[in-house]
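In what comes next, chain A is part of two complexes: it sits with chain B in the first one and with chain C in the second one.
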Partner chain A sequence: MTDGFDTNTARLASINCTSCGSPLPALAGHRAKSLICNYCGAVMDRHDEYRLLAQYRDMQRPDGPFAIGMSGDLFGVEHTIVGVVGINATIEGHGYAWTNYQLYSPTHGYSWMTWSDGHLTHSRKTRDLPETGGNFAYKAPLAAAGRMFKMYEEYVARISYLEGELTWVPALGDATRVIEAIDPPYGYAVALGDSETEFEFSTYLDRAETLAAFGVTDEFTRAHTVHAIQPFIPGAFHTALAKAGKVFAPIAAVIALILLAIGGGEKIAEATIADPFAGGSVVFPLDSSHRLVEVGITANVYNSWSWYDMELTNEDTDETIAEFDGGVEYYAGRDSDGAWTEGSQFAAFRFKPPAPGSYRLSVKAGDPKSSTVPLKVEVKRNVMITRYLFMLAGFALLMWISLWWRGARFESRRWGEDEDDDD
Partner chain B sequence: MGFDGMNCPNCGSELPHAVTRAKMIACEYCESTVLLEDDALKTAGTKGVMAEEPSLFVLGRELHYRRESFLPVGQARFSYAQGWWDEFWAVDGGGEGVWVSVDEGEIAVERPYEIDIPLRPDRLKLGATVSLNGETFRVTEADHATCTALRGEFPETLHVGQTYDYWHLSGPMGRLVTLEYADGEFAASEGVWVDPYLIRSENAQA
Partner chain C sequence: MTRIVFVIFALATAGATYAGVYGIGGEDKQIAKSIRSGSSGRVGYIGGVK
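Let's turn to the complex of A and B:
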């Protein structure tokens, strides 16, 4: 986009309507051909001493944040609003309305700013004609202006309101067939009028920046729809998370799988305790205080449970290292949904020994209502936990996928393929 | 031989250095335009009053458009029925001279165009079709223009007050041909439209 030029502002002047005498701003340059009085609807010929050409009374001014005479910076260029055109269209059976503001810049000429359902776009005439594409075909490619657009929709635009200075002589109700193609944040339109075909290049505008640039306080309803050329701009935090997720998800998953393969541990002791209420113990040597030890308890409880008190002591010092409890519970049955199970007949406990040495684990039923089934105790050393790495991989993957999903949903709403278009 | 080291025959001031092989140059110090003819300088007329208007094109400031660059060195202002426009004589990146037509953001870069058939001004009505070099054009604008002011240097003789007829012909794929008719002769140029929003000055940000 262009910047760095001194464009100055349009010269302020006014002229009296040749029909009703009301003072009207004259802000446009000499190429503007018509002036439409917002008081009496008179259409005057700027190139023929403001001769009255037509008159449209009682036109309803369309909604929009701007008014003739406002100036603001777009793409580094000062633009002044010199005219307003209301448009109605029926697209796939639904009625739509939007407001086109005729912009004028002494250096860049005439262009349009459009307010449509809370979205703002800028359009300008282009001579970069389409290289491909003829008739409208949904999502068909259309190469133009150095870009590859996708055809978006076709409709007939009808003028519903006129005001100010315009570059042609319009008539209320004038209709133009329009083919729109998109490559967000840009759009390309082919406007097929009765006597000529025009081509327009559009850019989606940041609403807050644009309203501020024209000195308008944003008190308007927020956009409820996705505009055809609105870019998908996720939050910076989500974007950063998704980028990190894309990198870390496969790394974490690979590391977790490697640890899962080699980190199952080495069995160093096992014992079967036939009577859990009498209790029993298992002794095992540990040569490292840096690696995890896993105690696995298996008891074939069925529709019952068993709870155990456990004590870990250092055989060399007779010091109690830890006292803890835990248990197994397992239920199974069948209901109207079919067979079901709940709980597990296996429980595992992990600890890091404070020092190398010989250790004893004592196990005894810790609740008088516990099952009496025998239990098997198995001790493994050099165990590595992969659960957290898998969780990290899952979270990273979720962040990555969630951004993609949001983008896909945004595109679905853009193309009107999402029924839920209200949020 | 150029204008270097020569003085204005009207006021005696040193004439500016000519960037191109100019035939005419406007004296910076007096109201004269100076013509170089057969290695001799002649005053060609007055340069008129060039009212300052906002413009992307400023003499001596290079502009870039896509892969091309333009250095405006001469500015001629013309009036027509609806207003006025500027014709800038500019040097492109290849050192060739081009005319750049600037009318309220409507900008066209024009180069000489050979026409292969005799034309008659009375047949170039608005809306008429014209076949040139195998292509069909339509007359989209027909008007009279008068030169009102000159600044800088030019490859041909221009006179303030000089009037001529012109026609804009629109062809396929946005082609533009401009015809000018003065003193019983046609001159033609082929234009390429330029998007003002893609023009950058040499000091503008990328």
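Let's turn to the complex of A and C:
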């Protein structure tokens, strides 16, 4: 009944279905108990001369990238796909389906690889029983396998498709109550069957690596959901930005605060012009053409304004260096919303002199309707500005926070707490 | 990647500090434009208020 054939990498065998005669791969070890024909749905007992146990015709093969006979490296161990089981479940009113692939390794035995909505996971039975936990409680802790998991969901899984060699004798429609707990990228499941309880340890698999390992070209729809045990893995660029942002946001902010504290400038001249219409001037020395000079004017205008013409001249040559104008306006009052003010009694003008030297600033009221209140003029040199450092600190902080925000949103989607989960 | 981004942030911090200390870009446009355009030989149009 058995005829062998060779491939480049492995010696495979096949057996003819005892119901329809179709050739079926025989790849699993002795512990596999059943063989299900993918042509006629016959369930055969591998330990009893492939005796026909049941038959399920017209089963629809579930979606998935793999097929029986494919081999690939998982965790450094060669595994071969020997069986396929389709699963349906209803969780919180929504229907879900996924495909379990029975894996066989001559050295490591049997395990499962699961394809679920574009995600791949690997699971194996474990003898690490839960140390805590019992009945399912959302997000309740469950200690097992040396890890602290959080309970994720509870559902009843039903078999919807069978194919190939499996380690037990299944029946279509068999149901198992499952409690899943997660500690990404790992998961722990308690499968409560009619006669026994099994414990499984799961690991999230890198889809691209796994498909490549099994020689499958990834032409499948990308995952649109966050899997229960999918780890949050941001891109290298965003990770680098966040790390740098975490370091440089406080550095830039501290430097900005230092400049703010010491960068107000050194007062080098001040004058009060009692009659702005008569005008006045102030002379001051400037020792650098690279540092910022600030001319501050203060006038106690109230519900009025004042406008001034100003002229900067080189005291040595009397040559006009710059002409400019500016003013102050200040209004205050009270209305139904309370007291209000608008404008300021202070204005500042900043410039860099073309060369070191002695300068004169002349000021005169520039509009006949200007207020006549006295004007105070103050000149400071070596004024610093902080806007660039605060902007940098803000950007760095944004990069730092954005990674945290993405991670939080990822977690929210994992737990189904994000309304945009269906995006 | 991380090293490159750290270098970029370090350069940006140094640049922002330099620009802050030397007030680069902090000049009033009106005054800066007037200084650039020069005096054309004028002498104190409100110089009479000395």
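In the analysis below, the second predicted complex is superposed on the first by the 311 of 423 C-alpha atoms of A that agree within 3 Å, B and C clash if a C-alpha of one lies under 4 Å from a C-alpha of the other, contacts with A are read in each partner's own complex, and residues count from 1 in each chain.
The criterion applied here is as follows: a residue touches a chain if its C-beta (ideal position, glycine included) is under 8 Å from a C-beta of that chain, and two chains touch if they have at least 3 such contacts.
Owing to the predicted nature of the structure, the values given are computational and were not obtained by experimental measurement.
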Which of chain B and chain C A:His30 touches, first, second, both or neither: first
Which holds for A:Ile401: it touches chain B only (first), chain C only (second), both, or neither? neither
Scan A:Met384 for contacts with chain B and chain C and give back first, second, both or neither. second
Which partner does A:Arg350 reach: the first (chain B), the second (chain C), both, or neither? second
The answer to whether chain B or chain C touches more of chain A is C
One more residue to check, A:Gly280. First (chain B), second (chain C), both or neither? second
Touch test for A:Thr320: chain B only (first), chain C only (second), both, or neither? second
Identify the partner contact of A:Lys243: answer first if only chain B is touched, second if only chain C is, both if each is, neither if none is. second
For chain A, give the residues common to its interface with chain B and its interface with chain C. none
Can you check the complex and tell me which residues of chain B touch chain A? 53-56, 81-84, 103-106, 173-174, 193, 195-201, 203-205
Chain C contact footprint on chain A (complex, rising order): 236-237, 239-241, 243-245, 247-248, 251-252, 255-256, 259, 263, 278-281, 290-292, 309-313, 318-326, 349-354, 360, 362-364, 383-389, 391-392, 396
Listed in rising order, the residues of chain C that touch chain A in the complex are 1-2, 4-6, 8-10, 12-13, 15-17, 19-23, 25-28, 30-32, 34-35, 39, 41-50
Complex contacts: residues of chain A adjacent to chain B: 1-8, 29-31, 47, 75, 77, 105-110, 124, 126-129, 201
